[in-house]
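Both of the next two complexes hold chain A, though its partner changes from chain B to chain C.
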Partner chain A sequence: MARPRLGGPDAVRRLIWYGLVGLILVWCAAVPPAGGNLSLYFSLMMWVTLATGLNFIAGFAGYMPFGYVAFYGIGTYTTGIAVKVLGLSVYAAVPIAGGVGVLLALLFAPTLRLSGIYFAIVSLSLAIICQRLVSLLPEEITGGSLGINLGVITIREHGYYTMLLVLVLALLTASWLARSRLGKALKAIRDDPEAAEAMGVNVPRSRLFAWLLSALFAALTGGVQAWFTGALDPQTAFDVLITAKTVIYAMAGGLGTVLGPLIGTVVLVWVDELIWRSFPVLNNFLLGLIIAALILFVPRGIVGSLMQRYPRVRRYIM
Partner chain B sequence: MNSVLLINGLLGGIVFGMVYALIGASLNVLCGVLRIINFAHGEFIIAGGFFAYVMLTFLGLNPLYTLPVAAAAFFVAGYGLYYLLIPRLARSDEPETSSFLLMFGVSLMLVSSMIWIFEADVRPVNFSFDPINLVLFTVEDAYGPGRDGRVIVPTARLVALAINAAIIIAMTWFLYRTLPGKAMRAAIMNREAVQIVGIDIHRLSAWAFGLAAALAGVTGVVMTLVVPSIDPNGGADFTLIGFIVIVLGGLGHPVGALAAGVLFGLVEQMSNVLLPQAAAQMLGFMILVAVIFFKPAGLFGLERSR
Partner chain C sequence: MSAALLAVDGLVKRFGGLVAVRDVSFTVNRGNIVGLIGINGAGKTTLMNCVNGIYRTDSGRVTFDGHDITRRTPHEIAAHGVGRTFQVPRTFHRLSLIDNLMIPVLGSDLSDAELTEQAEACLARVNLYDLRGNNGEELSGGQQKLLELARVMMFDPRLILLDEPFAGVNPSLCRIMIHEIEAMRAAGTTFLLVSHDLTSIYRLSNHLLVLNQGEIIAEGGVADVRDNPDVIEAYLGN
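So, the complex of A and B:
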């Protein structure tokens, strides 16, 4: 792929992307005053953030973290414990949740030495270990298998706007990463680690950075989610389905593209809503069918396939 | 700790271990020949359990007689599933990771179909032998002077153990002594070379998929003898145990999985006796992570040939 020239197409792409982010910001910010469906928009923003965060490590660096939910779960628990046990303000708890997520990612960083399916299996196992560990900890801290009931901490809108802030940060990070030297290094690692190394890319440091960024956004999302819903328990906080949905949304749009996770999530969350309303019993069946069909027929996702079929599209989208 | 509990733990470990060995072996056939990771393997096993349940409840058939029927039905299903899913998958950029996701989708479909058909309750499989339990031997003064402890095993579990041993012997014979079995092992060792000597890799892979599905279905039937109930949501646990077993035994190494399965069964059952439940469950995953880090070829694995 040729380096984008300065000015020209890159300026157009950037204009379109920042315009889109601005539109999302205004649209989502207008939902509470307009009396829109807060929960629906909150979950939409949450999934876009998760899918965008996953894209850093899965799309740019090529590692599929099947235990991505571990960071989300640790984020929800950090908020829960900070507010309920330590008595901290929730506004302090969410950044702490992000920090704890990054620490956990540092702890798991040696797994990045593994590749392909070994990485996926170990990542999944670590998420399960986290879940069991949380339910083993003393009940005064984590609430055991019942979890923690936070109740209403602030008015709901505050949690909602914090999620919006995290979402915008994630989207801006994505476009920054795609254009940065680091992002190009990551893509080089994904396509051929040995060649990247030979060309002078610091492989361990680059992928560690992507890994920490991915974990940070998952943990922040979890932290805000606990605030917004006011309740958490080990079963739902560490549900494998959360990883699965995140991966699917990101893949549906196109891993490795900036726009992909956003488009994929918006389309599939909308489809999911339709399915829920029309066929509540077969919800998971159709979800499974969509996953299988996506992987068999559009493995590069909506945006990725568009870019492959119509290369001119690259001029307008990232 | 008294000896009766320990002996019961050991016996349970062997019975469960043999089941895990079978799960690992069938998962490893898929993993070795097709280079795919079957996330839906546990659901195949649960489907086998429901097969036994339906046969028993609606036709009054002893699950043991349904074994060959189950094997045939699951073989055909697996054979068909191969042609439906896998040839398309091979065209993707990263077949291994994609297969993980694809089979996750299949597993979601299977779970919700089973819940739709059988509802989300745990179904009992009321099938018993006469006598229900066998007293193997008596430990004198196990609970203090004059209070003997008896080591009791459900007859069904002993039957399951015997069937399992027979299936494992048959499978090993197939893999080492028959031509298709040798072709499968050859494909595990080197998929390209096998094609050069003129073996139709698609047909062989379809056979391997069918064989793995048949083994999984049979495992499900046998499982109803070990634990006489089926939970449509229980598949994920079997899948994860299967992952642990194949990683322990070496990815794509069917016989290594047998030893690893028995080992894992023993560890699990003994830690159930000795540790709190959540800790016992965690142990398996910790072993898995440790093995991948320190001995990625598996405990019994040869060097991975790709």
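So, the complex of A and C:
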């Protein structure tokens, strides 16, 4: 009997993926010296990282956190407070932001006992609570409702390259997770948590790991964003639209696939730019239509639907 | 070493005011296939869910190979060597067949390549080898039942709880299943088998338990149970 390896990650699939990550790295790294649009590429990298981070808990484990922005927001504020109040270097502040995001995720971990819409709603509520708490803390710490103005901490390129580093780390983590046994366990939990548990999967431990990973990358992204823009306030740092856009980008590409969030974000950010330039008045209307059409006609996202429709493609993409 | 691999003692499970399993006690001896029969709603699946930890029992004790597993979680019970299939097949829809089979052995010390080889062998035994790259959702209902059987075979547990393995499965697939169950029994695996397919259950079982309204109303060999008036009444009425 012939024994081709269809189930495991094969060399071609890995080659394609790592080639793509390498290409992104080189392309984005070349933007500052080439005089490209730093803000646009920073924003793109930020959304890809957020969508990839969300994918760990939503795409792999099947838990949709509508309050995902809480980790991003706490990351921005940790950087802001560490630099402005504690006088720490921003290079130290960003990893601390990631750590604080993970601690917040541990605090919220009991919510993982819920599932479906109940988890989503509680998660959203916790994000709103975080926003209120930050607003109510003493002004000398969080700057109150006006937030914190960090100004220019370093040259902008440093923040830009740190975002690139976080993005590459997120993409490599995603590819590791997809090939790992933990990734398989998470996908089994997504498909049927009770059956997974009956098959010996430690469901609470596995989904906690995905949750912490998701929080880590959102908090790191928030931390770098505060550095890059130099300003933060509770309204924008905890804006629920950040979660909404992250969810839409990840879903448009395909939750549960490694490539999906990357493709979904790049396509939608590019389409958004295109519409914005061509139809400035109808921008949001047209973008809304496109997103609705995507969800209706390709419910598993671009990559997910491609893999569903053409099974042979599964051999080449993660 | 005791002959009983599984011992259930005074097990009670309530859902609000409904007593789904009422003071049930029985044992399953090593290497045996114990059949569990009863009309719909008798409490068979609830009993299985209590044994493998999906439901928390209200009282009573479940002992597996001398270990009290009464309040253990399903994954801890699986780690002891208890596998199961479900009444409605619960395959992992968006995982390939190979990955479906990898799930019970994720904690194994064997390499992924070795486990993949084992998974392919299990799929070949249930005639699903050619579909190994497909996802679980791309199988028919009967094939999903076979996939569940292959998944539990991969796990190589000491006790397998089979919940309606033959329901909705065509005769040729049924024959494959029966052949594999008999092969596993010959290799020393113990089974607790729930089925409405009395022909198959009479053929396979060494011992039968009859559950009615959450209580065991008869047990014994096939001949004893088949002619038991309480069983006839439970199945056919007065």
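As a convention for this text, the second predicted complex is superposed on the first by the 305 of 318 C-alpha atoms of A that agree within 3 Å, B and C clash if a C-alpha of one lies under 4 Å from a C-alpha of the other, contacts with A are read in each partner's own complex, and residues count from 1 in each chain.
Quick note on the criterion: a residue touches a chain if its C-beta (ideal position, glycine included) is under 8 Å from a C-beta of that chain, and two chains touch if they have at least 3 such contacts.
This one's a predicted model, so the numbers in the text were calculated from it and none came from an experiment.
**Q** Compare chain B and chain C by how many residues of chain A each one touches, and report the one with more.
**A** Partner touching more chain A residues in the overlay: B.
**Q** Should A:A120 be classified as contacting the first partner (chain B), the second (chain C), both, or neither?
**A** First partner only.
**Q** Of the two partner chains, chain B (first) and chain C (second), which one does A:L169 touch, if any: first, second, both, or neither?
**A** neither
**Q** Figure out whether A:V21 sits in contact with chain B (first) or chain C (second), or with both, or with neither.
**A** A:V21 contacts neither chain B nor chain C.
**Q** Who does A:P110 touch here: chain B (first), chain C (second), both, or neither?
**A** first
**Q** Quick check on the superposed pair: does A:G256 touch chain B, chain C, both, or neither? Answer first, second, both or neither.
**A** The answer is second: A:G256 touches chain C but not chain B.
**Q** Looking at A:L136, would you say it contacts chain B, chain C, both, or neither? Reply first, second, both or neither.
**A** In the superposed model, A:L136 contacts chain B only, not chain C.
**Q** Contacts for A:V201 in the overlay, against chain B (first) and chain C (second): which applies, first, second, both or neither?
**A** Only chain C; A:V201 stays clear of chain B.
**Q** Quick check on the complex: what are the chain C residues that touch chain A?
**A** 52-54, 73-75, 78-79, 83-84, 86, 90-99, 102-104, 106-107, 112-113, 116-117, 119-120, 124, 129, 132-136, 138, 151, 155
**Q** Quick one: which bits of chain A touch chain B in the complex? Just the residue numbers, please.
**A** Listed in rising order, the residues of chain A that touch chain B are 64, 66, 110, 114, 116-118, 120-122, 124-126, 128-129, 132-133, 135-136, 240, 244, 247-248, 251, 281-285, 287-292, 295-297, 299-300.
**Q** Of all residues in chain B, which touch chain A in the complex?
**A** Answer in residue numbers: 37, 85, 88-89, 92-94, 96-98, 100-102, 104-113, 116, 236, 240, 243-244, 247, 251, 276, 278-279, 281-282, 285-286, 288-289, 292-293, 296.
**Q** Quick check on the complex: what are the chain A residues that touch chain C?
**A** 1, 3, 5-8, 181, 184-185, 187-188, 190-192, 194-203, 256, 311, 314-315
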